[in-house]
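By letter and in written order, the chains are A, B, C, D and E; residue numbering begins at 1 in each of them.
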Amino acid sequence: MDDKIVKPEPPLGGPPQGSRPHAPVGDGCFLGEEMKPQAPSYKEALARIKNWFRANSLWVMAYGTGCGAIELRPLATARFDMERLGIAMRPTPRQSNVLIVSGYLAVKSLKRVIRSYEQMPSPKWIVALGSCTINGGMYWDSYNTINRLDLYLPVDVYINGCMPRPEALVAGFQELMRRIKKGEADGWRHYMENLDWYKENQKKIITDWDLPEYNW
Amino acid sequence: MTETRERSKEVQIWFGPQHPGITGNMSVQTWLDGDTLTRGITHVGYLHRAFEKLMERRLYIQSFPIVCRICVPEPDTNEWLLASALEELSGLDREVPEKARWIRTLVLEMSRLGAMLMVLGGHAGSMGLGPAPQWMIALRDLVLDRFEELTGGRVYHMYIVYGGVRRDLPEGFAERMEQTLKTIESKLPLIDDVIFGSAVFRKRAMGVGVVPREWAFEMGISGPVIRAMGIPKDVRKDEPYEKYAELDFDVVTEEGSDIFARAMVRRREIQQSIDLIRQILARMPKEGPYCAELPNMLEWTIPVGQTYVRAESSRGEMGYYVVTDGSKKLRRVHVRGPSYVHGVSLLERLIPGTNIADLAPLMVSLQVCPPEIER
Amino acid sequence: MSLKHVLQPFNAWVQAFSKPYTIPMKDTMRPGADRYRGWHINDVEKCVGCGTCADICQNAAIDMVPVKDPVKGDSGLRPKIDYGRCCWCALCVDVCTTGSLGMSNEYTWVEKDPEKCRYTPGVDAKPWDGSEKGWRQEEGFSLIVKDRVPMPMLDPKERIKTWAEVVVGYSVEEARKEAARCVSCGLCVAACPAHMHIPDYIGAIRDGDFEKALDFIYDNNPMPEMCGKVCTRRCEGVCSVGIQGEPLAIRWLKRFATEQFEDFAKVLHPEVKRVGEGKKVAVVGGGPSGVTVAYYLAVRGFEVTIYEALPQLGGATFFGIPKYRFPMPSLEKQVDLLKKAGVKIVTDHRVEKDEFRRLLEENDALFFGTGLMKPYKLGVPGEDLEGVIYALDLLRDHHVGKKVEVGESVVVVGGGNVAIDASRVSRRLGAEVTIAYRRRREDMPADDEEIEDAEAEGIELVTQSIPLRVEKLENGKLDFIWGPAEMVPPDRPGGRPKPKLIEGVENHLQVDRVIVAIGQKGEFEWMPEEVAEKVVTSRGWVEVDETGMTQWPGIFAGGDLVNSTADAISAIADGLKAVEGIQQFTLEGLSVSKS
Amino acid sequence: MKEILKEIEERFGPIWERVQRPKLAQVGIEPAKAVPLLTWLKEHRGYVTLVHLSAVDWIEQGEFQLTWLLGNPETEERLMICSRIDRENPAAETVSGLWPQAVTYEQEINEMFGVSFPGSPRQGVPFILEGWKDIPPMRRDFDTVAFVEKHIPGREGRKHIDTRTYIGEKFGEKGYLHD
Amino acid sequence: MEFNSIQEVLDFAVRQEQKAGRFYGLMAEKSTDVVARKFFREMVGEERKHEAKLKAIKSGKLSGFSGQGTPQMNLTEVLGEPVFREDITLQEGLIIAMRAEKDAYEMYEGLKAFARDEELKKILEGLAAEELEHKARMESIYDQVVQREN
């Protein structure tokens, strides 16, 4: 597991510093033990190697939440072939560690996306495509789509474009891989630490809340 | 989920919205008796962005870019429908120049070709035939390159506008298009071998998901689904629009009305689109304006009126019911997509008795596009 | 399940030997197509900040942000694009009135911090700033209407035979069609000295609500029909639609709005507090500035009297401008409204020194806008010969109806509107006309449309000519002798280049009349000495502070005497300034009679 | 199209009609006679297909307009039957008996406009929206921007300047007839 | 007219300026047109300024003359020679002023011929240039005020 000790900077527009994390990180979370106080140096090297492997085998969950998913198809198939980058499409959240939010998110979809995201094993990353995830895009005045994704889910990389081309997606994935290798991409840890804040935002927008309270 | 589960041997499964087999973002709540489905309800709303509500808030020119987002694989039909509806209501259709009509027909056919390639890939993919979708999506990507060159955008073209189109054909477009068509044609026989020649596909497609003939007219079924029943219904022939009256092609029909027949109709329509594109490029006028003199788009008002325009999209008859009230904004627009009938009532009537493994191929064969259902 | 179908898929192995589709990794980043819609780029110099791109964007992705302070013709705002909203439809590029906004063909932008996904193209540096390729405006497609609705005009050949009005005026559909071209950016409001609500009244005309249009116009212009016919149209000079096309016909639309009503009083319902009850104001001079002060003070309850020396109100606009541009009845409706507002009008009444002193006693405030009524002389020998006359006198006599004789050929010295009017009047009186102007054609202060009309009517223009002297010939004609001039750079920045005489060369021109129209000056004989001493400057103008008050507290001034632009709308602007000044002055209990 | 319109006029009394295109005509009729007309057209005149059912909100006149679009497969002619119902507790007769797909249309119109179709199978069952507590959103008195401001936070940091008013302020544009 | 030292030349120039000042002062009282009156008063002030400048040069505070080099328009060749009248106008006043400056310029040019040594010549040239500068400024005012539309 990644043993970087530095406290992650809050997500932009995220909760105020020092908000009490839901449960001491580590217990109740799926993998439990990785948050030890001071790691000896060989752990540092081990972490870097793990990150390297992790970065070079990104498994993307096959869930096209928005219109950007259609540009994932040329990426997944022969023309741009993300296989050579080590990226593969996986059917279920249990087997994948990258969730692509490919554009707008209807409130109904947001509920399923949150559930899928929470079913993914840590470490997991979110790639947000297009302008709809940043500030609402074309549907900024629609009563059924969310305007800012980073209020509900921690986003590691934004790929801009409406919709971003396969080449832009390749650049985006390479950026994600670089950030993972450097150990910077830790949106999932931030989600765990500020679960209250995220849950509170999610409940505000999802009216018929019937999701579990914990991050399983 | 919250339904209380009576004690019965029936099992309830949610198929989607996160499922590799689903076509787009919808879910089918199914009740199973062993392997065969006894009942199914379609749930949509996962991609609802309230287009019609938004378009009531936008000027006419501002509704033009949002419309192509309704159906992603084939955006141009939407653009054309809104353009021709408002042209008819405002009287601008008399001024659309000749060349614009030809370019519009070309764009519509290219868009059909791209959508058909992807759906045929979906047919194979839903039955696990790995290589076919790889090739089909790659061929579709070649068509997208031509679109990028012509319209400035890969998937969303925002190109067919009121009064004509936004830009002229770039130089050498016809040659490059011919080159793309040749590449696609060279791959088609190979695709026939892999899909229609494969025993797996034939066994799992023939005789499965049969749509009875008598449902056809009553339910308003259209597109490849009705043509697979042997009924030659095609809007481009029934109510020819743009330049289709001057093109010679005949409606592709198959017998059997099962998944195999529908796939075969789509396969032959790919060839039909390729021939049509060649005809259009041959008869495309060289010079002439490509757009009419538009009024000041920030202040364009259309007199009161209502109309219903329809076009043949790859999934079937797509129509726009547009009502204007004399102001600068639409009073109402209702997008009638073919999937509204195919994906909900027809699918729910076909589900009882089919095997759970055949649900995905059945949905792909009906070419259900969820954003059309909930818009 | 025949064997054929089991084996047939294996044909796929053929594909193993053909060329792969996959694009090699090194050139995955293919450049976008030539007209690809990528990130925005903007030529910040060409852009005038009209905000039309922000209006058309349906995602409200464009905010206009101030980049430099606003000047006439440039609002100083520049579009800032929010890529959390943009959908790359490029409508902003196609609607751009100056063609400065474009799109590059770059498409890659990966960002960690969503706040950074906003920038002002052309101001914030971006790697794709200089890209030539990408979506640009093109000739064959335009979202705004560039050509003006043609205005029916009399044919040049016919109009020199008659005194009928040259500009016929728009019909209702033509006016509404022309008004529909407006993108209501507001640049014209800045250029107009009176800052009229131009986009609002054009919008009202477009919607067919002519009452509202007239109400907007009358909100800060009491002589709209006059402005609708003879204004110098600085607003049309900065109209954003006019940058790549023809500007809106703002002047003719104003005139159209006034032509729809016979009695303005029925249409206008001013709701202004009547603060001036019991206060008396005298206005000397019935020109545009005087009428403005009179009307807007009368509406506020002041008791206003106008003293006009000539038989009709209107000042220079009425007497200086001939009938074919400004027919006599054009002022009736406006003067009628003045009377209905309670203004007492005394015409044919030249205020002299002692009456001026009496007015100072009786009134709380006094406004004078007597304009420049005396012509400057040529100053060359031979000027006092019998054939040399002054343009102002010619126009006034002709206007009042006196018989004016100009003979067959005439030379008009000067390049302003007065010169052009004098030459077109002489043309209509049957003379061959030549205009002698000292500088170049582009320096001519006259309205360029007027110059074109004049040339269309067969008037010859001689530029860079300095008059030397006038001599009497035996056959009774005059010999107008002039020398060529070379241009010398101006001494103060922004000034006009100055003509310098080239000695030794003399050109002769035989004419019946020499009409002098080189400039006008104010006349102060009627003003008491003690007032003139305080008020008049050594250049013959009148100095006023920002409220329009002269050095003498309580005496206000405006019009050509005060401002240097010397056109009707600037006079009205001075009038409006004085209205505020007088209202403030009298409300503070001060009175000119006491000081 | 003319004959069918004349026939409808005779059988069903005063109607408003207009031929929009050679193969598309519009008929306006009172709500009570709408479904009988639809049934008659389906049974006896070959207009077998219900292409779509839509609702239009004429809030100014306080009415909803329901539009049934019927298609005749043989002659490919289309007939648009429109009828106006009152906006206060709107209700209309169901056609789900004639056409199975009408169930979905009626369910959506019920959810989006609040028009109830007594007797239609899935009335009140949410079709598109989930956990919706506000008034039916497609009604024109539902303001989507106000809803978004209240419930869906966006990204701050943007200030909208309207060039028209900005120039007016900067150059001191003033009116003298109204305070 | 023999000068044998710079001081003498400067004294002569100062006397000229004073004479011009009195000449304008006289015209200021007599003319009835308020604009002309104000213009002549302004010219009186102008001449006094020149005088002060010459005195400053005499007393060594100022080093020399700084001509701005306003472009000449030789209007004086073209315009007539108006004579002073009670009701003289600003236009004629300007022409009179231009002519006076031109005469002063020609006078200093003429004196240059008599100057014996280089020093004297330079001072006279400076004075001539100064007068020429004043004439050019008069011409520019004339062009601005009178020739507004020409």
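The rule is short, and it goes like this: a residue touches a chain if its C-beta (ideal position, glycine included) is under 8 Å from a C-beta of that chain, and two chains touch if they have at least 3 such contacts.
Predicted model only: the values in this text are computed from it and were never measured.
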Quiz prompt | Steps needed, at fewest, to go from subunit A to subunit E via touching chains | solution = 2
Practice problem: Please identify each chain that touches subunit C as well as subunit D. | Solution: A, B
Quiz item: So which chains count as neighbours of both subunit B and subunit E?
Solution: C
Quiz prompt | Chain with minimal offset from the mean of all protein Cα atoms | solution = C
Quiz item: Farthest from subunit C in C-alpha centre terms, which chain would that be?
Solution: A
Quiz item: So which chain is the furthest away from subunit B, centre to centre on CA atoms?
Solution: E
Quiz item: Between subunit B and subunit C, what is the gap in Å from one C-alpha centre to the other?
Solution: 55
Exercise. Determine the centre-to-centre distance between subunit A and subunit B, using the mean Cα coordinates as centres, and give it in whole Å.
Key: 32
Quiz prompt | Geometric centre distance via CA averages, subunit D-subunit A, whole Å | solution = 41
Quiz prompt | CA centroid of subunit A to CA centroid of subunit C, Å | solution = 59
Quiz prompt | Contacts with two or more other chains, residues of subunit D listed in rising order | solution = 129-130, 137, 144-145, 155
Self-check item: Touching two or more other chains - residue numbers and ranges from subunit A
Solution: 13, 78-79, 108, 134-136, 138, 140-145, 148, 162, 165
Quiz item: Using the touch rule from the top of the page, what pairs of chains touch, sorted by label?
Solution: A-B, A-C, A-D, B-C, B-D, C-D, C-E
Quiz item: Which part of subunit C faces subunit E closely enough to touch in the complex?
Solution: 376-377, 379-381, 383, 413-419, 437-439, 445-446, 466-468, 483, 488-489, 491, 495, 498-501, 503, 517-522, 524, 527, 529, 532-533, 536-540, 566
Exercise. Name, in rising order, each residue of subunit A that touches subunit C in their complex.
Key: 12-13, 78-81, 84, 131, 133-138, 140, 148, 150, 155-162, 164-165, 167-168, 170-172, 175, 179
Practice problem: Please give the residue numbers of subunit A that touch subunit D in the complex, ascending. | Solution: 13, 107-108, 111, 134-136, 140-148, 151, 204-208
Quiz item: subunit B touches which residues of subunit D in the complex?
Solution: 20-21, 23-24, 26, 48-52, 54, 56-58, 65, 67, 69, 71, 73, 76, 78, 80, 82, 99-101, 103-105, 126-130, 137-138, 140, 144-145
Quiz item: Can you list the subunit B residues touching subunit D in their complex?
Solution: 44-45, 48, 50, 52-54, 56-57, 88, 217-220, 233, 238-239, 306-308, 317, 319, 321, 323, 331-332, 334, 336, 340-341, 344-346, 349, 374
